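So, here come the structures, one by one.
Paired with subunit B in one complex and with subunit C in the other, subunit A is shared by the two complexes that follow.
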Partner chain A sequence: MKNTKKNTVTFREGILSVTLFAYGSSAVMGINLRIEQDAWIAILAAAVITIPFFLIYSRIIVLFREKNLYEISEILLGKIGGKIVSALLTWYCIHLAALVIRNFSEFIQISSMPETPQIPIAIILMLTSAYLASSNMRSVGKWSVVCIFIIFFLMIFTFAASIKHFKIDDILPIMEYPLKKIVMSSILVVSFPYLETVVFLCIGETLKKDCKPHRVHLYSLSLMVIMFLMVFFRNITLLGRKMMEISYYPSYLTARIIEVGGFATRMEGSISLNFLIGGITKIVVCIMAAANGLKSIFNFANYRTMVLPSALFALALSTILYSNTMEMYNFIKYYAIYAMPFQIVIPIILWIAGEIYTRKKNKAPLN
Partner chain B sequence: MNKRSARKACFLLLSIIICLYLTGCWNYRGLDQMNIVVGIAVDFNKAENLYDLSFEVASLAGANKESGIVGRIINAQGKTIFDAIRNAKRKEADKLFFGSPHVLVINKYLASEMGILGVIDFFLRDGEGRESMCVAISQEETAAIIIESTEGAIEMVSVNLHEIMREEKNIMGSAAQMEMYKIFSELSSKKRSVLLPALRKVKNGDSIVSEANGSAIIKEDKLVGFLNPDQSKYALMAQGELKSSIITLGLTHNLANDISLEIFKNKAKKSYKIEDGKIKVKIEVENHVAVSENQSFINLKDEKEVEKVEKAAEEKINKNIQSVVSTMQERYNADVFGFGEMIYKRDLKFWEEISERWDEIYPTLEVEVKSKVKIRNTALIM
Partner chain C sequence: MVIIIILVLFVSISIYNWFTLLKSSGTLERIVYFSLTFISFVILILHSFDVKIPSPTNGIKFVIESFFESIKEY
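== the complex of A and B ==
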């Protein structure tokens, strides 16, 4: 009991860890939506679409303070129904961790170590993340506070380098692509990365009792939007739209060509570090959430026992996910559909059931 | 030793061990095992259907304080560019390292028949290569001759050429240096043509050296012609990309020109309007200059005289830009000024209507050039 009390994050740590989580693999993959200069519209539109869902997520936390999504589903859907939902969510967390591990091992292989197999890289990533995950959420919160400053520093630095080249011509013409395509792209952004933060609900018990969850969500959403817009404007200014369009890792390419005053050149090393920090955070949170899920499915006392197994599962999964890089990029198209049940359907069902449950509970003593 | 310090010692020991492992790579190569490529020349051998590549590598072996690092040429042939690069390994003990090539010189026949995007694809795709490499077109029979060093050369030719091309834009403005990733972006965008530096060999004192000689016009990734240094200067000026340059004027009846104006600031704005179904493009160029040579001692304290010089300079710029623009329109039909792109960005619907016929429309555009010259000062003396 004492342990769980200590294992909480403050308001600020909450915001920053959610932001860092969302920044994770999106930063390395780039917000590449195949709509060239119109991507910024999609990023903004996606944020607007995301707001109601974030409010639902927050409401769930408010309804069931200091409970995670697994516990909530057991309360609302009964033992068996709850366990089924928990199993689904756990699968999603593990799969997401595997996806991120794969993104990064692909990135490292393509960008800097073409002859090194992916598995050693993935193992190192996995071990680091498992170590961090087996400490507690409080450590992740503190880690986010430190890391976000490194990320922000580098981002502002590179953004500043691009600002003098920026011309309004770079994002003209506005709305070249049909509205339908832009909306489809923004749905992609909604599912990856904005709504992936559903994973945080699975460790929802860790938010301090006095924090308002909707503020955590909305603050981090605005931070994400600012970051993604900065990344987008930087990349399109420096790379040009076609080059941005065809590159797998536009931010990485941008870092390669950035030159600040002749001395700060070849910054791809620092930018890769930047990616990795975000990626590790994402993997850590996913593994923690998965371990938490396994804990409630099998009624363990502590989630820590399941950290390494879930991490190993994610590692194994990551090696068989795709047969090549192109497949990885093609999967993004279907991801929105695949993730819908976990990101939208389950939370909405739990939210509605939760509202009914609490109304009933509040009425009961009066009668 | 208590438990705490034992833990500390353990921690320290582990950190050191981890450091040892993390600094190594899977495929470690030392500096002495690499041939660092500084310049690449691409030719195509039509008779055998093979790419003929020459690499200038920095040979570190003979480097010492007096002589510095000199370049050495490696030749290789292959069915594709990467094939040729790997074939080079047959002659060399060490693998070529593409971490810092400075220039990529492309043969003019290759550029005009097969296009340049195919060539730069490999270098953009490869993780080792640099997107910021400079691309140039050789005006000689082969590209290889450009990077070949001549006797008495004290530096690597490619490094030298890179510096020349970089500085051209800042000092003479007669060649348009452009990085590889930009070339890709520009050429893929709406019917745009670009200018790339052209290189040739000339006699300089006792030796024959490579020099930048104007620009090559690349239309839809194929070479269509060359501009001489003076024309390229005005082409750059019309795009506002000139960092510095000289304009000479002959005002009094002399044999030679007698006034030099040094450009300090060059701005350009292009706009268009549609009148009676015809597109009219307007280029407004503004130059801030200083008088740096005044051989006939025109009295520049007099405002009227200053105005006269400014007018003369404006006229010269108007005339020259106009002539470059019409050469581009009539002779090469190459949209290097990005008129098409301008219309696409400002008025998408209209562009979609005309983009199919752009190649026919472009030569018939009415282009108006309006330049403004402002003399800042007359340097140290009046």
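== the complex of A and C ==
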């Protein structure tokens, strides 16, 4: 990607796009961890576990300003090692885009279009995302600023509208589940969605030079925690523990029963809008990162040519991922382990290699 | 119907990109572009004909289960 002013995001845009990205499919899937009322503990614990990894991601950006993870891996691991890492990360980005497309096509089919096949829905999602991805990161940043306000407004509105229905008993007793299960659940939240933001490192050159990446990461993590806790408390107090546990889309179900003064009812449409905005942002960033990866692997001049093939491949992949919705939810526990090399192992290797490289580079003129 | 949608999608995208983005691009860029597009097209067409295509999810599950057998019970 050319490093022009047009293709960089400001501090505020960075925070909001990372937040919106993480909000993406976790909003539609819901933070459903099978620990009922103790899920809020897992959300908070996951945020604490995530902090060191976010600091590692930030350090990588600081060490190699205006470079993306593909370029960094080529600098640190050599041409072949770098290309292998780039290929792995590109696959992860395409796969993640496919997973999100599938989450949304499945959601739309179940919630509002049961007779419509998923492919046309997925095509519309893919085309919208590819269009936004083929512009530049600045556009995504501006899109995030506008969209996060819509999401926050709708979230606060539904939260406020449901206050009178809250049954506080549903969040008690605290720590009913064993600590081991809560820790396991928090690991699921770490991998999906917190550490999925590793994808932003693949377009890391788009963050303005004067922005402090650790602040971008930590501010967005705080926003994510606030959003997830709000959604969780709204859903559990309104639906009750058992109902939230068995429903596939608890936020959507919650919105169906919220009514304000008898005239503002059936607000599930607004919730669907929230989901779509977040989902499109996530798909856009994944496609941009994948196209950037292909550009890096094959040494192309521009990433834009690769946007549509990446998007089409993600679309095709999304159709064959699962055979039903249950399988989609069942994959979350496998995903936590599957994503570990991309979210934890590769960044840690690159961070350690980056520290050694930078120290050697700084010492070199003295010798 | 789905097959027609897929055909229209791929034909229109290929024609549009041929006259815009791919006009000034190199041979390798075109090869990668058409390879990915072709693979996607084949997968989508086969899927629309209800042909069972092996999913990467099953492969991922198989590998993870062989290392962490207890994951099935979680």
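The working rule: the second predicted complex is superposed on the first by the 357 of 367 C-alpha atoms of A that agree within 3 Å, B and C clash if a C-alpha of one lies under 4 Å from a C-alpha of the other, contacts with A are read in each partner's own complex, and residues count from 1 in each chain.
The rule we apply is simple: a contact is a pair of C-beta atoms (placed from the backbone, for glycine too) under 8 Å apart; a residue touches a chain by one contact, two chains touch by 3 or more.
Fair warning: this is a prediction, and the values are worked out from it, not measured in the lab.
In the model built by aligning both structures on subunit A, subunit B fits alongside subunit C without clashing. Comparing subunit B with subunit C, the partner in contact with more residues of subunit A is C. With both structures placed on the common chain, the touch criterion links A:309 to subunit C but leaves subunit B unconnected.
Shared-chain residue A:317: touches subunit C; no touch with subunit B.
Of the two partner chains placed around the shared chain by superposition, subunit C is the only one that A:338 touches, whereas subunit B remains out of contact.
Within the superposed three-chain model, A:138 lies out of touch with both subunit B and subunit C [touch as defined at top]. Legend: residue contacts after superposition of the two complexes on their common chain; A:214 is shown touching neither subunit B nor subunit C. Within the superposed three-chain model, A:119 lies in touch with subunit C and out of touch with subunit B [touch as defined at top].
Smallest inter-chain Cα distance, subunit B versus subunit C, after superposition on the shared chain: 11 Å.
When both complexes are aligned on chain A by C-alpha atoms, subunit A residues 117, 120 touch subunit B in the first and subunit C in the second.
Within the complex, the subunit A residues that touch subunit B are 110-117, 120, 169, 172-173, 176, 239-243, 253, 256-257, 259.
Subunit B contributes residues 25-27, 127, 130-132, 179, 181-182, 184-186, 188-189, 344-348 to its touches with subunit A in the complex. Residues 2, 5-6, 9-10, 13, 17, 21-22, 25-26, 28-29, 32-33, 36-37, 39-41, 43-44, 47-48, 53-57, 60-61, 64, 68, 71, 74 of subunit C are the ones that touch subunit A when the two sit in their complex.
By the touch criterion given at the top, residues 95, 117, 119-120, 123, 184, 294, 298, 300, 304-306, 308-310, 312-313, 315-317, 319-323, 327, 331, 333-334, 337-338 of subunit A touch subunit C in their complex.
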